[in-house]
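The data blocks that follow each hold one structure.
Paired with chain B in one complex and with chain C in the other, chain A is shared by the two complexes that follow.
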Partner chain A sequence: MGRSLRRVMGSALAYAFILAVTLPVILLYVLLFLTSFATDMEGIVPKGFTLKNWEFIVSGNIRVPGAEYQYPNLYLVMGNTFLLAISVAGAEMFLASLAGYAISRFRFRGRSLLMGTILVLHAFPGVALLIAIFYILNALGLYDTLVGVFIIKVALDLPLAIWIMKGFFDGIPWDLEMSALIDGCSRFQAWLRVILPNVRNGLMAVLIFGFLSGWSEFIYILTFISSQKYWTLSMLVYAFTSGEYFYINPGVTATIAIIYMLPVVAFFLFAQKYLLRIQIAGKGVV
Partner chain B sequence: MALPRRRLRISHLWLFLVPSLALIATFYFVPVVLTFLISLTNMDYSFRWNWVGLQNYMNIVEDPWLPKIFSNTLFYVFTTLTLFNVGLALLVSLVTTHINEKVGAAFRALWLLPRITPSTVYALLWLWATREDPDSLFNWFLGLFGLPPVNWRLEHPWLIVILVNGFIGVSFGMIIFTAALKSIGNDVIWAAKVDGASTWQLIRYVELPLIKWPILFVLAYQTLSLFTSYEYILLTTGGGPGLYTTEVWALYVYDLAFRQYGGIVKFGYGAALAVFLVIMGVVVSVIYLKVFRFRELMIEPKIEVE
Partner chain C sequence: MRRGVSPTVAGIAAFIIGLIVGAVVMYAIAGMGAAGGVAREEYEKLLKENEKLKAKIEELSKKLQAAGAKEITLKGWIIAPHPPSEYRLKNIKIAAEILNKWLKIMGANVRIKIDGEFFVRPVEWGEYKNKFYLAAKAGKAPHIYLTGHEDIGFLADNGYIIPLDDYIKEYWDVVYYDVISTLWNAVKYKGHIWGVPQDTEVRPLYFRKDILRKMGWSEEEIEALPKKIEKCEITLWDLLKIAKEAKDKGLVKRGILHRVKEGYDYFQFYLAFGGRLWDPDKGKMVFTKHAWKKTLEWFHKAVWEYGVISPNQFSGDWDKDFHGPFTKGEALFLSGGSWHKGEWISKGLLTEESFKENIGFALHPCGEKGMKPVTLSHPLVYTITKQAEKDGVAEIAFILITMVTDPHLNAFHAVKSSHLAILNSEISDSRYTKDWFLHDVAYMLKYTTFIPNHPKWGDYSRIVFNILKAVESDKSLTPDKAFETLLKEIQRTLGDAVIIEE
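Coming up: the complex of A and B.
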């Protein structure tokens, strides 16, 4: 009797603990949601429901009360963000599936050196290279262009993406392409028609990883973009938080943050198995 | 026939590898070399190569702020790592694997949210929750106990920095530990239970010793990650309040090069400090490759058709 009581107590304690430590995470996100739809907030208690914080999305113009200063139009910023994310995702998926295949399947001189290098690179401190990258972008005339940010993003994400894809190719039995090769396919055809369809999960994982990575990028935009017309959503949210707008109009700020989070939440709800895979393969960003 | 076939094979290899290699070489290797070279100049925004030899490295010794920044970095890495990236991560994975499976998985999913949220939004959430007015989440909570509101970022900047980074840091260890805990065979668990082990004894004497290596792996990996992290500090306290209160090494490198508003940009000195991060990154990665899974990762290719 004492034993089973202790078990129930222990189990209750476990639930209480996990709820207590997770509560801050839950509250932070609930608060964002409430701030966007509430007339006013008192702590975590909304005072009333309103849609006025969503009215600006008709025109996309973000007005700053009593100021000359104008933020760029929401749709321009969203367009930039989407363009960057989708091109980073596509390029990473294409390049990583080529290189990952070569590393998984070909035997060549320097292969293990190459693999070691890719692994080391993937743990490499990005901040250490920013100055040199700034120099290179400037020399190539790519400073203050989204193309520049796109190229850097792809180049620096690529080692990890190649590594993920290599893992997936390793898992495909070689008889599959062997029979394709015997049937007269070239190496490239075998890769395209026989192997790629079998690593769909890997391609999805890299695509989602690339999209979220491009969609969320902040440091390169902050550092290598100076024109407002190339802003992405991360920069807009940053401008709000570092400026006064955030305090003047928390409702609109929260609304833009929610819009910015939508694709992330969608992947979170519907593609968690891929996200977990990226997490395990990926570096712990922080 | 042997020669053309071989040539064909090599051309295929190149076709697959070259696009990626070219990109990585230009924007990874060249920057590494450039960082070393720039650290030997006093380059500023004009991008002129004025060679100054090892002057920047001597300046490191004389920089009056560096001792403070160095001890800040150690404090930040040690505290976040032990409390969150390993400590809380271990607790979360142990608890969620011992309660109802679906509930446990749901809690683990929630812990992924901070990591996949765009950094600027995540920072916004914390800044909003810790702002000074009485209606902010933190102060509202204090108010429940009749306590006066606190200006968190001004009075407790380290608390903010560690919470913000810690709540992201948990997920990495959590995933690794959970996977390791789940891979412990049921026979081992049952054997312990048959012998009358309580849950606590099961964790202490069976599970923890069996996940020793994953714990060491997370410890090593996240040490490097934390040493080179700065984005969330930049976004929340910006290294302040005041001069360099929460400034860490990586953020200092960034500030020297890109945030000297109205002052002088110091690419050369910043690069010299960055070189230390590069060396540390390489050393730690090599150690971790050697100790952990290098052999396993370097398995020979599965197929080789001539």
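Coming up: the complex of A and C.
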């Protein structure tokens, strides 16, 4: 009885601690939803409820507060965001799976140096590279294009993705691959048919990280995009949350924030089981 | 310097000129009743010009018919940090629509398409300029670029924009003769004209009439305040005393408010103390020692002796430390801009009635007796970029700017955003005349100054801002010490670009 009570008390304390830690975050989300449906807020309590803040999602037309001018259409902006996020995720998964495999399985001159420098590259803060990136984009004729931002994102995210994939490949025993080769597979066939299915979780992890990275991209859009037709949702949220607060409409701002957030939450729920299985460290060749 | 105007473009221009002159004639006729009649010879002159232009239009339509179907895309970048200034872009679109309709009527197959980027919230000036710089470097600059006149020096010296002297000369009789003459000074640099004024404003010193009433001022005294300031019967030092009295009596929380970020408004205090910023003959910036000494002393005393300016004013928030306290009646004076009136009303901070009832406006007072009151204008200007020249659309871009520089279109913008007219005929536009505020502040243009069109103006401005901010926030930084630092820093950074005078 005493032990059982202690167990219950222990659990209760643990739950209380978790609740205390997560409550502020949960409250933020709750407030965001309340604000988007509120006519106005009295502190953290809505004065009344309305669907007016959601009206713009029918046409996608969003007026600049204080003017008749409209920001780029919501669906164009969402389309750009999806395009960027999906292409970044896909490219990172594809390239990291090849590079991670090569680094994990092949011995070649400069391999250790490459492994070390890859991580150093990831350590550079993106902001520090803005000028250099501009010159590269300029030389490639990719300034003010989403393709330019896509290339930057993939290039800067790839080191971590490669390391993640290398860890997964390291965890696959050589024997498995050898068996495939003995059975007549080419190296590419062994990679594609035998190895890749065994690193599904890793691929999903890279895909998820890539998607989230592309979806939330802001600084490169802000710096290297001047045409509003290439805006992504992060710019729209920025437009609504910055500047003088007299022009800020909290209801519409909260709604846009929710629109920005929901796809990520949905994607995260779908992919959660893969994230939980991530084991980056492996036992492969070092 | 002269750039040839192609026959096609000249034809389009001629057609537009005809319509604009026609509009001016109609305008003149319409205004006769109210204005007591337009001089007969003036009317004849306009009519004659119109006839002449008709012939050009006929010539144009023939040439255009011979040309194949063609769409010319003009890329324009327009900034409006204050959303009510959206007519800066709208007018370009309206002008393009009119032009396309005319072209259609004429049977010409050329159409103008506007690819306009409107930099409104969240874009601020610095970001806008950076984006232009990057775009220009990447060969993706717009054809028409609206910017502050003070950028002309930098843009011209670096080859980002083209001189417009020949175009202005060519179309002088269309509309440019009508531009308020002082505004041309704002677009001149190294002997050339680099832009077309888009709008201008003055920076009044706003005051709360209701607070003055509570201080015991009579209505007559309150109404006479702007005139007294104009006559230099009230100086900047008097302003400190009045503000202190209001604060001491507990009528306001803050005596004087000025802008909260780097800008140009505070140069008015230096000008009021007799300072000069620009020597047009030598093309150099000017640092007047005695005026800077007085300015620094005034700011230091305002914060640390009179306590009427907050030591954190330069680190404040536009809403909490500028618009809010003044419109709520928590501050007596505000060094603002004419556009703020429109902004306060559009934001719902004041109504037209409450503004009229409780807010007054005047020039910035003279520094000391015998000096002059001042205001500062910062005209925005349309420029034509080198990119437009490269893309072969410079002439058509200029024609579009010429069309936008129209009294009716500009009056839309002026009234909506509380900016001042740039054309003499705009002042009598029915929309403009209905706006009593714009009418009442117009006299301030007589006292206005522009900031220098010098490529290194940004450095001058930044150094001054940093020193003023330090003077306000640090009591131990005496005006003398601050002056020494300011002078040293200006000399070190600007060298020969600035004239140091006593």
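Basically, the second predicted complex is superposed on the first by the 232 of 286 C-alpha atoms of A that agree within 3 Å, B and C clash if a C-alpha of one lies under 4 Å from a C-alpha of the other, contacts with A are read in each partner's own complex, and residues count from 1 in each chain.
Throughout what follows, a contact is a pair of C-beta atoms (placed from the backbone, for glycine too) under 8 Å apart; a residue touches a chain by one contact, two chains touch by 3 or more.
Keep in mind that what you see is a predicted model, and the values were worked out from it rather than measured.
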Practice prompt. Look at A:228 in the shared chain and tell me whether it touches chain B only, chain C only, both, or neither; answer first, second, both or neither.
Written response: second
Item to complete: Check whether A:64 is in contact with chain B, with chain C, with both or with neither, and answer first, second, both or neither.
Response: second
Item to complete: Please name the chain, chain B or chain C, that touches the greater number of residues in chain A.
Response: B
Item to complete: Considering only touches as defined above, state whether A:76 meets chain B (first), chain C (second), both or neither.
Response: neither
Practice prompt. Return first, second, both or neither, reflecting whether A:134 touches chain B, chain C, both chains, or no partner chain.
Written response: both
Discussion item. With both complexes overlaid on chain A, does A:196 touch chain B (first), chain C (second), both or neither?
Written reply: neither
Worksheet item: Regarding the shared-chain residue A:86, is it in contact with chain B (first), chain C (second), both, or neither?
Response: neither
Worksheet item: Which of the two partners, first being chain B and second being chain C, lies in contact with A:143: first, second, both, or neither?
Response: second
Worksheet item: In the superposed arrangement, what residues of chain A touch both chain B and chain C?
Response: 134, 138, 223, 238, 246-247
Response to the item:
Residue positions on chain A within touch of chain C in the complex are 64-69, 134, 137-138, 141, 143-144, 223-224, 226-228, 238-239, 242-247
Worksheet entry | Complex contacts: residues of chain A adjacent to chain B | 7, 10-11, 14-15, 17-18, 21-22, 24-29, 31-32, 35, 41-44, 95-96, 98-99, 101-108, 111-112, 115-116, 118-121, 123-136, 138-139, 151-152, 154-156, 158-159, 162, 170, 173-174, 177-178, 181, 186-188, 191, 212, 215-216, 218-219, 223, 233-235, 237-238, 240-241, 246-247, 250, 253-254, 257, 260-261, 264, 267-268, 272, 275-276, 279-280, 283-286
Worksheet item: Hey, which residues of chain C end up touching chain A in the complex?
Response: 77, 80, 82-84, 86, 89-90, 117-118, 120-122, 131, 134-135, 137-140, 318-319, 323, 346-349
Fill in: Contacting residues of chain B [partner chain A, same complex]
9, 12-13, 15-17, 19-21, 23-24, 26-28, 30-32, 34-35, 38, 47, 85, 88, 91-92, 95-96, 98-99, 103-104, 107, 109-121, 123-129, 131, 135-137, 139-141, 143, 163, 165, 167-169, 171-173, 175-176, 179, 199-200, 218, 221-222, 224-232, 235, 250, 253-254, 257-258, 267, 270-271, 274-275, 277-278, 280-282, 284-286, 288-289, 294, 297-305
